[in-house]
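Next come two complexes, and both contain subunit A; in the first it sits with subunit B, in the second with subunit C.
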Partner chain A sequence: MKRISWIDIAGGIVVVAILALAPVFAASNYLTGVLTVCVIYGIWASSWDFMSGLTGRENFGHSLFIGAGAYTAGFMATIWFTNPWYSIPASIVVAVTFSLIVGFPTLRLRGPYFALAMLSASAILQRLCLIFWEYTGGEEGLYGLDPMMRSPLHYYWFVLAILVVTVIILTLLARSHWGLLLRAIRGDEATCQAAGINVTFYKIAALAISAAFAGLGGALYAHYQLQVSPPLFSVVTSITVIIMCYVGGIGSIYGAAIAAILLTLLTEMLRGFGEYRLWIYTLTLILILFFLPNGMVAPFWRRLTERFR
Partner chain B sequence: MTALLEVNDVTKRFGGLTAVKGVTFKLQKGEITGVLGPNGAGKTTLFNMLTGFMQPTAGTVTFNGEPLKNLAPYQVVNRGMARTFQLCRPFVGMNLLENVVVACLSPRANSDKDKEDRAQHLLEQVGLGGRGSEPVETPPYGDLRRLEIARALATRPDLLLLDEPFAGLGSSEIEPLAQLIKKLHREEHLTILLIEHKLREFMALVSRVIAMNFGEVIAIGPPEEIVKNPKVIEAYIGKTEDAHASA
Partner chain C sequence: MLQILIYGAVSSAIYAMLAAGFTLIFGVARILNLAHGSFYALGAYAAYVLTSVLNFPLFIAAPLAVLFVALFGVVMERFLVRPLRSSQLAVLMITLAVSLAVEQALFIIFGSEYRNVPSFVAEKLTIGGVDIGGQRLLALVMGVLVLLLLWLFIQRTRLGAAILAVSQDPEAAQYMGIPTNRIFSIVMAISAGTAALAGVLVSPFLTVQPTMGLLPMVKAFAIVIVGGLGSIPGSIIASLILGYSETIVAYLISTSWTELVSLVAVVITLMIRPSGILGRRAAF
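Coming up: the complex of A and B.
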């Protein structure tokens, strides 16, 4: 519906080129590893932004889908010893199933039920991982997953390609009539109903799409770390993703992806500060959100490119 | 000929309060009917029950020969009954055109190829032509009311329910809006049911009035009879000392 302007495409190509070439010039496995995690966070954040950023229904348990995807990969690798590539479709199916289980009863309702249900569902799964430690490995998690590719650099490029495809699909959806309906839900649900729109259906469908990409990201993460553990399900994971989306500029999708990459890099760079790291990170976030309540990445990009549109 | 809308003994209770009590009436195709009554008479509650925003405690609503029971509001809309709200509720963060496009995407409206074209056409029809790219936050209230009507029309209604279309409008905005409603009735063969407080505009517009007070229908008839009806006068002016003019 809305055309994507050439400047956005050009900007996207430049960013992807920088990301793709950075590890070639720096040639360090450490950097490749950090960037892989950055890009996976990008997938998680942009998938959150698609559902919650557009419809305004905050999902406080995105880690449910991330963890479900990762543990699916973990179980497949450690119990059935399947080819790592099968983890991708399996994790998507499992994450979408979870999204329907939570979405059906709670997205019919207005109010905070959905946010709370997602939060509790992710917390419950984290507990279940500890309770059924015989199967899940408890705190230790599951070990010994096979990598999808030998070369970390190739895997990084693969994950980066998935992020690019994710952002493109979600952006096209967001700019289509579908996205318009999701933004209408954010505006006013009663008016949506009066316009003849089945609000619940669109919310559940958006959540399922969001879950599919989050679960995929979870599996990619599992096959990068070669290990999965309960903190994947934690609230911290969910909140981290939400903060990334706010810094990126809610509802912009590409903003969430880029903010995820920048913030993950920032956390890594602050490692040298030891214990002060969290302080600096938190302070930076507070400053960003205080001075730029609409986010940083997307508004900045829009202003920068205003005259080319 | 069967009626387009049949409301049979509809009642709504909120705990101990009966907001609407045993309301019965019929609407024929092509009528403009008004629901009249002082504040708290149950008019909006009645509208909410007709449009699926509330379920009646008792009684039935039949539309186009089919009962509307336990339908969600969007399902009622897709059967051909659209409404506007008393307080305009546009989709914020969108422009006027997008506001109408949303309704053009409803299953009932979905036959058109180009939703933007149709939305543009609807905006012209309600007098907002050429203003599609304006953000919804800027226009005056009267234009938002027109936008609400365009959004309702997008769903191709057989019956249009207008909840106080003149509420909150300036005196210069009222007459053109009344003309618009008349024009839509004439050109689109719409059946219209509207709630109103403002007696003068109302009486000039409608061919039949359903007068309500305290949740009950107290009189049904052509406007010239209704204004002479003692029960209606009592409800509006009060009996003796309780003089409270609402028009």
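Coming up: the complex of A and C.
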């Protein structure tokens, strides 16, 4: 496998340093809050990219895992009043369980079944959340979660550390023998099967890993917002994540994380446009799809550092 | 009992209209159109604007609304989908972006409150002791009629034969002198038009609001998976199964559980017969 070049590591350290120090210098709670959300989106986007970017199976219901993780944290906090730290393992377990339930019947198949099934599953779970409002709090969602840490700044650093660990783990996996197999599946599934590779196993395992990190991100989000509500399950959440991966450059993982941070900052800046915000966002997406079909962040970085490799 | 029979038939007919268009454009052009639900919503809103704002009589407003949405579908296919057709993900993303843009545009123009569309038929009918709104009955009749016409069109006309040929092998069809791209436009118009007609027909008795397209579209996905991707007869059978099971569940248990029916149906289908009831590689 190709070694990771020093320039990538240096670039990564610079980006993480800027992210870690920005709230210290700006000394504004608002910025810390925005950046926390940015970084959580980074976790969601890189987890999507690991499964869908590598295997080419577009997951149109990533919000299913995000919401499952967040609601697990919500239930733990409001029904069993557990320590917030227990939400992390619990949300991972629940998200992985959901991924196995949806993955087993759909990932055996070729064609668009997986995309459709994930989209439907997340939409239906959102409906169920509204229907069983006695337990889930309906539109209002669940309130009164405890923060994991007192200081917002410390929590931001904690979440940032988790993003860094996520990106490192997923990149290492993607560059290993394992990731090579996943990429091969994207290229030609039939040939992989003929070569004796258990294609279904690898796809389901990749989905479970992706779901684990998405669920973890969901729990972190829940303990940052201190509440969970049905829009977490919505198709819009999934789409936002997919757009981030697309802008980052599909299959690059670090690109997805950086694009997530940039795009979340962009949406924050567009807040002044009020109701036109999402509209501008989707129009931007259409333009990017047309003019930069390979995405922005990863290709840009590759071109920038070409000379140093 | 009779009530289940009639109401089940009405929802089946509406689902079938949505699912048939969705499966048609997939079967012929291999476009997985995630904007299908927005055609349905656009149809309902077009009917609202034409009747309540511009005061058109209904029987003129309805065909105008359908035509408008069919045109919208053709323009979307020609200028947004066709340049990106080489990549499946790009097609999914662009149709999804269109559906989000439509939903947001409806929010901005009309707001999130419910809109009312006048009924085509006001009087209630009583069949075997069951009261049923004339509008629902009209939706049922129109649905059956449209599907019948669609079937005749595809099986009996020259153009229909061309559509079948493209669905079986686009390249071979092109070599035989069939203008594939024009066929895609025609199929897109039919697909968008039937979805819009479903939207127009339900608009008087369901709520008209910007997000109304999402759930019916999810149901259409489920039906298409159960019936077999690309098969119109399969999607009609699946619509009947799903429409009736939902009505039965609503009567026996509670309306809350109806949403689960389609999910369970999808999971069972994918486990025991992944290609769906009538699914094959070829479209029909």
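Convention: the second predicted complex is superposed on the first by the 303 of 309 C-alpha atoms of A that agree within 3 Å, B and C clash if a C-alpha of one lies under 4 Å from a C-alpha of the other, contacts with A are read in each partner's own complex, and residues count from 1 in each chain.
Just so we're on the same page, contacts are C-beta pairs under 8 Å (C-beta built on N, C-alpha and C of every residue); 3 or more make two chains touch, one makes a residue touch a chain.
From a predicted model like this one, the values you see are computed outputs, not experimental measurements.
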| item | value |
| --- | --- |
| Which of subunit B and subunit C A:181 touches, first, second, both or neither | first |
| Partner chain(s) touched by A:305 [first = subunit B, second = subunit C, both, neither] | neither |
| Contacts of A:194 with subunit B and subunit C, given as first, second, both or neither | first |
| More subunit A residues in contact - subunit B or subunit C | C |
| Touching partner for A:293 - first (subunit B), second (subunit C), both, neither | second |
| Touching partner for A:115 - first (subunit B), second (subunit C), both, neither | second |
| Partner chain(s) touched by A:82 [first = subunit B, second = subunit C, both, neither] | neither |
| Complex interface listing, subunit B residues touching subunit A | 51-53, 72-74, 77-78, 82-85, 89-94, 98, 101-103, 105-109, 115-116, 151-152, 154-155 |
| Residue ranges of subunit A touching subunit C (in the complex, touch as defined) | 56, 58, 60, 105-106, 108-109, 111-113, 115-117, 119-121, 123-124, 127-128, 131-132, 235-236, 239, 242-243, 246, 250, 275-276, 278-279, 282-283, 285-286, 289-290, 293 |
| Residues of subunit C that touch subunit A when the two form their complex | 32, 34, 80, 83-84, 87-90, 92-94, 96-98, 100-101, 104-105, 107-108, 214-215, 218, 221-222, 224-225, 229, 256, 259-260, 262-263, 266-267, 270-271, 274 |
| List of subunit A residues in touch with subunit B within their complex | 1, 177, 180-181, 183-184, 186-188, 190-199 |
